[in-house]
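Have a look at this one.
Chain naming follows the written order as A, B, C and D, and within any one chain the residues start at number 1.
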Amino acid sequence: MYKFKNDYSEGAHRKLLEALLKHNLNQQNGYGEDIYTEEAKSNIKNYINGQCDIHFIPGGTQTNLIAITAFLRPHEACIAAKTGHIVDHETGAIEATGHKVININTPVDGKLTPELIQPVLEYHYFEHMVKPKLVYISNSTEIGTVYSKNELKNLYNFCQTNKLYLYIDGARIGNAILASDVTLQDMYNYSDAFFIGGTKNGALLGEALIIKNLDIKNEIRYIIKQRGALIAKGRIMGIQFNELFKDNLYFELAKHANNMADILTIELKKLGCSFLVESSTNQIFPIIDNKKINKLLKKFDFYIWEKFDENSSVIRLVTSWATPIKAVNAFINEYKNI
Amino acid sequence: MYKFKNDYSEGAHRKLLEALLKHNLNQQNGYGEDIYTEEAKSNIKNYINGQCDIHFIPGGTQTNLIAITAFLRPHEACIAAKTGHIVDHETGAIEATGHKVININTPVDGKLTPELIQPVLEYHYFEHMVKPKLVYISNSTEIGTVYSKNELKNLYNFCQTNKLYLYIDGARIGNAILASDVTLQDMYNYSDAFFIGGTKNGALLGEALIIKNLDIKNEIRYIIKQRGALIAKGRIMGIQFNELFKDNLYFELAKHANNMADILTIELKKLGCSFLVESSTNQIFPIIDNKKINKLLKKFDFYIWEKFDENSSVIRLVTSWATPIKAVNAFINEYKNI
Amino acid sequence: MYKFKNDYSEGAHRKLLEALLKHNLNQQNGYGEDIYTEEAKSNIKNYINGQCDIHFIPGGTQTNLIAITAFLRPHEACIAAKTGHIVDHETGAIEATGHKVININTPVDGKLTPELIQPVLEYHYFEHMVKPKLVYISNSTEIGTVYSKNELKNLYNFCQTNKLYLYIDGARIGNAILASDVTLQDMYNYSDAFFIGGTKNGALLGEALIIKNLDIKNEIRYIIKQRGALIAKGRIMGIQFNELFKDNLYFELAKHANNMADILTIELKKLGCSFLVESSTNQIFPIIDNKKINKLLKKFDFYIWEKFDENSSVIRLVTSWATPIKAVNAFINEYKNI
Amino acid sequence: MYKFKNDYSEGAHRKLLEALLKHNLNQQNGYGEDIYTEEAKSNIKNYINGQCDIHFIPGGTQTNLIAITAFLRPHEACIAAKTGHIVDHETGAIEATGHKVININTPVDGKLTPELIQPVLEYHYFEHMVKPKLVYISNSTEIGTVYSKNELKNLYNFCQTNKLYLYIDGARIGNAILASDVTLQDMYNYSDAFFIGGTKNGALLGEALIIKNLDIKNEIRYIIKQRGALIAKGRIMGIQFNELFKDNLYFELAKHANNMADILTIELKKLGCSFLVESSTNQIFPIIDNKKINKLLKKFDFYIWEKFDENSSVIRLVTSWATPIKAVNAFINEYKNI
């Protein structure tokens, strides 16, 4: 039974595992001070023209909580879309660092805009309330949508004007870049910090936190260690990111994932299926008759996202770097024939 | 130049990497709900007769902070030896969860005893002071010594009598078990929780947290997630621990590391070298003339632990599952000839 | 210019100050272990038939954060109405203890009901989300409304069924009791803990935290000390609460405050004024023409609560134990004549 | 039975209570924005030539935890003498804000010096350890000793050189100033922040936090509110500090307390009594035969500080602004005659 449940159902791209094997017995310094990590940073910097700091951290929740802890003073708060990952899907990880997450109801696309943030700034006007200081967005968002370069730029300028940090969760940044006019360079230009997700794009684990803002990057290795994220064999993230960014593999994998989702979208639309939201990344949200869903679930695994109406529901299909075209075709055939 | 700096200079034992490759494209549920993790737990349970809960967590600092957070109420504190890893080598990770670490000066062996703990309990007698509630020890300790079964049992009984939790950092538990009369079953019997270190004994990463105490294990997955340790591809720890505990590999690797250190110890002693402390695990602390140290450092890498007297220093040599006998012999030869 | 801005604009009721003077030079033990504090507890217990613990804490925010810290494990969260004081008016005090506050949009009355809470419990179903564990309500609420005995009982039963704690912020509990069929005994019967506000009902400072639930009360003095609330001269709260609960003074003061507000309400209604919400406590929310508001502000001080429509706004008038009837009459006359 | 247990056994100096009564019904803004608080700040500033910020906070533990929270980033730590109040007498209040307190064994006088701090800075050299950033001292210390102007200046200069903040707990600062060549101006000149204790020198409650360092003072009212210390009727601290600093009353009260202790010291010495440490403030530590102690305890209340030898113990006698000379004489007579 093929799973369209998420983009972390498999291990890692073969090239990454082979590189781990190849370098396995070379002795290296621990805690990210190995030559592979250096090389990985250098490869990533080929995509970014600027003085960035790069840190490899095992997971996304950990990266979010470390970055936000490093950014904020105790009374400062994050702003996020109600659907933002830090709001309801990280077991209060941000609050556990002492910071409130102010959430904003957005349109169905899950994206923040200056217009949505402005009233929050006005509302929090004095010391009996937290001080909003950091805007958290995900690109692609939790429902597969992407920010255009213009949207990103406007948001960053708004943040600059209002002395807010813009921090971007890039767990699926490859998928976002391949589905929009935004580049890695733009992500750097129009944020204070962001991360490049490895886990959901072909690595065993690892997220690369990219910090531009000088206020923030100071001494962050202390905080990475304090939160348990400075793993002894940092080499394993270095080796993998090295492979991912050596010959554009990272973007090829994201492209494949997006392509598989695009085929699903196009074919399902041809068959009359409608969607909750337009997505050109690797997460799509078709609206399907409940009886049909039950039949599909006998051959495929996926999440039911939410009820749409009495007879139908929104499902979530996620494709990945590893999704075979034959699984995609099989799904379409099944949909057609039931 | 061979490094005796630590036991995490290499990648992972070949069998673990091969298993990662073998199962790479089998789709699995995320967050430790895969079949490999189940199998790994089952294999570990073959060594432990009891109702334990097992959770795999990427790193040791993270395991410590999660376990201690889960154990303690806000006003409760840990007790640790002054040399304990949580005291000065985790960037205040425990304090960052809100808990004080009370430290105790111990004899050179770095071990805690009921006699050392008793005065701490008496001193903290009322609500203007924290309430000591958890005893943290490492086995083997940070300076390579081990607890005997009797010592462990006495300490656990003392903790039980005084309503203290006993928590054991087992980053090098394999080395301890191979160098003492303590078994994994004993570790379980005589503690409320402990962890089995993978990172320092042949895995890419991962520590297995074993929880016996029912007060504690309740809902710990929430806290693992909250602290960013519930990694998406939990399978990578499952697969590795599965290999380590399938055919006793874990203990074979620890035995090799200990053996390499034993040979160094025996041969250095023959050559007249004395040691800071008796250790039969993979960390040894010879006292060497400073000039000799400088010469050795040209061919080998290791840490100078502390000044011993005007002319000599204590160095730390660490062997691992991967240390080749020829590196050991080369070191002895070099020591002999300079 | 008379202020209807809040109920803490004056010092304390004269009897309380006189008692402070009277006992001033009697030497007492510190930290709430004085005879006045004992007597105050005993006087409060005359109103409550049950095994309650009582602790006096300087302020309301502090009481909230201490109680909630004592109640919850790290992954557990509060539930509160969107208008709840802990949500937006305590600078993230609860989040600063590590806990998320889940907020619920309520009808205009600002009250929580089982029906409003049920979906929150269903939504938070697994370990990637916080675990809702404590329901926070205020009585009277932040907009002056009160819970009836039946409403309170239903809410408490719902909490019991769902293993939730019910915690009640009683900063204005006197006003609530005088304006409803709820007694102090009911507050105790139908909650796990609540507090009796002194600051807003005639004391210089001080809130009495009443804890029924045995899970919670254990060792809370440690946490009171840890958060800086175990003040050396606990006697000053003991002496004041002693006076407040000796001859029913607490409820007389609340009655006066409510009466003053009632007169305002009745007279303003006679003059055609409508209100945002029905309140029979000491906070009322008339809707007044903006031009009229500006004129009133020349003679009285009060807060403009929110815009009502293009031409009118909701204002908040707060009366207190100290509000003189002549100020009330003057306001009504002014309203009539402008 | 007269108590020499502490300096907070009584209420407040009569002038303070009378001022509270006098201004009782004048309506004022809450949260420290009243005219009395303004006047109190102004009166304190008459003693300090400089741009200081002043905040009134109910208690000492609270002041310490707020100041330190405001000063430090998450990975930064305090340095304190082992006998420092924050180390073992505030129930881990500092650790509860996430920060480690590094403690240093000092000579019996309990004072920190550059020489004692230097090795701590050298030891904490990299990101696996906390970063020492703030030096905490008390003046007078917990055992009644005081810093001279030179000692304070040297310590401050050392801190400046090493980019450390110097923060001074002034719970008994009046007693220190009266017993040394240090003035309030010196305290300001040679620290980044300090507080002036009201609770132990004649006020019902309240400590005045004085902040010089610009890095720190920014937005501290947010943190004061967040930790529950922004009490509604800030006026009660304003009125009291206003009295204390209007006509030098604060220093007169401290002088009286010191004088009472001096008489005890001189007379006990005449009678052959020796002392643990030289103290010229209001806490003294005579060494007395155990049998004699038991007899004294029948007529006076005081703490036994520690065992001195088999037959004698150190006791602590504390005098205050309210200690009557006849109690002092009675104690000396009793000592003489038993």
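What we mean here is this: a contact is a pair of C-beta atoms (placed from the backbone, for glycine too) under 8 Å apart; a residue touches a chain by one contact, two chains touch by 3 or more.
These numbers were taken from a predicted model, which means no experiment stands behind them.
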Chain labels contacting chain A and also chain B: C, D
Result of counting contacting C-beta pairs for B-C and C-D, higher pair: C-D
Chain whose Cα centroid lies at the greatest distance from that of chain A: D
CA centroid of chain B to CA centroid of chain C, Å: 51
Centroid spacing, where centroids are CA-atom means, of chain A and chain C in whole angstrom: 43
Cα-centroid distance, chain C relative to chain D, in whole angstrom: 34
Overlap residues in chain A, where contacts from two or more other chains coincide: 74-75, 90-92, 96-98, 127-128, 130, 222-223, 225-226, 230
Chain-level touch network, classified as line, ring, star, complete or other: complete
Residues on chain D engaged by chain B in the complex (per definition of touch): 74-75, 77, 88-92, 95-101, 123-124, 127-130
In the complex, chain C residues that touch chain D: 2-3, 5-6, 8-12, 14, 17, 20-21, 23-30, 58-66, 90-93, 96, 199-200, 204-205, 222-223, 225-233, 235-236, 322
Chain B - residues contacting chain C, complex: 69-70, 73-75, 97-98, 127-128, 130-131, 219, 221-226, 230
